[in-house]
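Encoded as structure tokens, here's the structure I'll be asking about.
Chain nomenclature is as follows: A, B, C and D, assigned in order of appearance, with residue numbering initiated at 1 for each chain independently.
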Amino acid sequence: MLLTAETSALLLVDYQGKLMPMIDGAETVLNRALLLAEAAHLCGVPIWATEQYPQGLGGTAPALVPWIERVFTKTHFNAAAELDLREALAPWRGRRIILGGCEAHVCLLQTALGLHSLGWPVTVVSDAIGSRRASDKGAALHRLTQAGISLISAEMAAFEWVQHRDAPAFKAVLTAVKKGAS
Amino acid sequence: MLLTAETSALLLVDYQGKLMPMIDGAETVLNRALLLAEAAHLCGVPIWATEQYPQGLGGTAPALVPWIERVFTKTHFNAAAELDLREALAPWRGRRIILGGCEAHVCLLQTALGLHSLGWPVTVVSDAIGSRRASDKGAALHRLTQAGISLISAEMAAFEWVQHRDAPAFKAVLTAVKKGAS
Amino acid sequence: MLLTAETSALLLVDYQGKLMPMIDGAETVLNRALLLAEAAHLCGVPIWATEQYPQGLGGTAPALVPWIERVFTKTHFNAAAELDLREALAPWRGRRIILGGCEAHVCLLQTALGLHSLGWPVTVVSDAIGSRRASDKGAALHRLTQAGISLISAEMAAFEWVQHRDAPAFKAVLTAVKKGAS
Amino acid sequence: MLLTAETSALLLVDYQGKLMPMIDGAETVLNRALLLAEAAHLCGVPIWATEQYPQGLGGTAPALVPWIERVFTKTHFNAAAELDLREALAPWRGRRIILGGCEAHVCLLQTALGLHSLGWPVTVVSDAIGSRRASDKGAALHRLTQAGISLISAEMAAFEWVQHRDAPAFKAVLTAVKKGAS
């Protein structure tokens, strides 16, 4: 039930430049996404991202870009309906997809439910997701729970990927956690 | 698990003129019901409504009336106990009934549980329901959850019915969403 | 899943004179207990009560006394551990026990779990229960939910027992509801 | 479903001197841990504790020390990954492990999930756990619930261990409860 780095993959959904300023609590959401990305990188977890209609909504937030290994452009709100993403994921079968992103109740939710219905284990990072309205984010968390999709926080993921204080990545992850807390 | 327009039907429960002014957060509740109705219409989802004792509680809120295809008058709090509604629903077997309405803990709740016990898939729109007391609405959401009835928000429904940004209804639904947000 | 008067029995747990003043939100808790008792009486639902160590904690709140058909004194926090209560309940097998009372996380909780483990269907009225600390009441609601015990509000019970506006008790129950709201 | 003293064991996770001052609501968390420890002692429930890297994070909070029968030092965040703790627990198979501690979303959570995956019945005391961020504690409570781990409050444990007001430990436990409330 605990996450491990060897069985996780991180998918960052639509953290886009013209969408984020409309998100409730955007600063915290991005801060948590950064911790996720940095900890994933330190622990060897692959990191992918999606962008919805980047011509209109802009590209992924610049602070996240250096950590991302591949970006998928999409027109469906549900990224799992895009064939190139499904093909790229196929060799990673067995990994749990850790999801953060926006809006919590549209693209993030539809992607979580979409991957879940394709048989992927899915976990959503509740403090790294956001919607314009707080009530819509609340409704998304409720629906994910009803669908049996587990929720975690960004720090939970970081400390489960590390496992113990003698792990090689421990000190660097701890530094990232403390940086995020300031 | 995601909604589709082809497998949904919208039932608006007791949004009546003399009841709504007593509802906690009535303005938001009606605003979300209007988004639901407009998005349903744009996506071809059938729209029905119920009225409890309209002689006393008044008719359905005027803003909703143009979208509604048929109104059912009832005396049971549980609309599913009314034979004419059950007969009218019968040809739509297989559709998921999307429910909004008032009061959340009386007629809306009883109708949701009533339809559920008759074997209909039921989903309740949590931001389009209301009670006089906020605590009664909270208790209704809790009981619906315990009964295994899924909860969504109005925007979730709209964006799942549309599915992707190249859909014919996308721009009109986006306009309705933005109108509702203002 | 909806309650009916014919299959319900109401058990009021430890609404005692020297305990109630220490309860968080005591006025609302008692007000909701009164609505429950009055609606139960109007709909023919049997009404029982328990008292924990009345020599020290006082008798049941005077406003509730006229509605109660039988009082059980107990020393176990879990009323279901008392033999006289179990014998008195035996002829009512098949009824769902509707529970309100104090403290939510001690005697009410233990009685709910105790009856549940003896095979009785149990439902707890969330706005008619209270603890000294709000956090303890919250923990009680969470644990009841985890144990699969359903939660309702007092008005839910009243309107489910009545069922429809042509029922003989409808007007009197509506009067009780409005009195409780003022 | 109710706890009994004869089938419980209390494990206090990382209530350490240099960690506690960073915990949100630390005073309440420690106060509830003290009630747990005192009630466990009065009812004959064994009491153990863990410490994470005590060279850096300090020893267990002094007020708790007198109640603890054995302390386990650990380097894994999940105490159940430490072999000496697993060996020490082995003779107590069948007991339910009652857990309090910090941080709620790291060592406490990982220990709860770790013991759970080894087949131990686990219950977490929600008002005796804490994290630096309240949102991380909330995420921990949600994940424990999703994993099927039951949550209780410290007073619930105390009154279930005692069972009734004629129990030998009743008066002393009541005194401890009242002391904690002041």
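Structure notes:
Here, a contact is a pair of C-beta atoms (placed from the backbone, for glycine too) under 8 Å apart; a residue touches a chain by one contact, two chains touch by 3 or more.
Heads up on the chains, UniProt names are A, B, C, D = Isochorismatase-like domain-containing protein.
Just so it is clear, the model here is predicted, and its values are computed rather than measured.
Most remote chain with respect to subunit C, judged by CA-atom centres, is A.
Taking shared numbers over all numbers used, the subunit A to subunit B interface scores under half, which places it in the different class. With centres set at the average Cα position, the gap from subunit A to subunit C is 45 Å.
The distance from the centre of subunit B to the centre of subunit C, each centre being the mean of the chain's C-alpha atoms, comes to 32 Å.
Multi-chain contact residues of subunit A (touching two or more other chains) are absent.
If touching chains are joined by edges, the resulting network of the protein chains shown is one closed cycle, each chain touching exactly two neighbours. This structure has the following touching chain pairs: A-B, A-D, B-C, C-D.
Taken in their complex, subunit B has these residues touching subunit A: 1-2, 126-127, 145, 150-153, 155-156, 159-160, 162-166, 181. By the touch criterion stated above, subunit D contacts subunit A in their complex at residues 52-53, 75-78, 81, 105-106, 109-110, 113-114, 116-117, 132-133, 135-136, 139-140, 142-143, 146-147.
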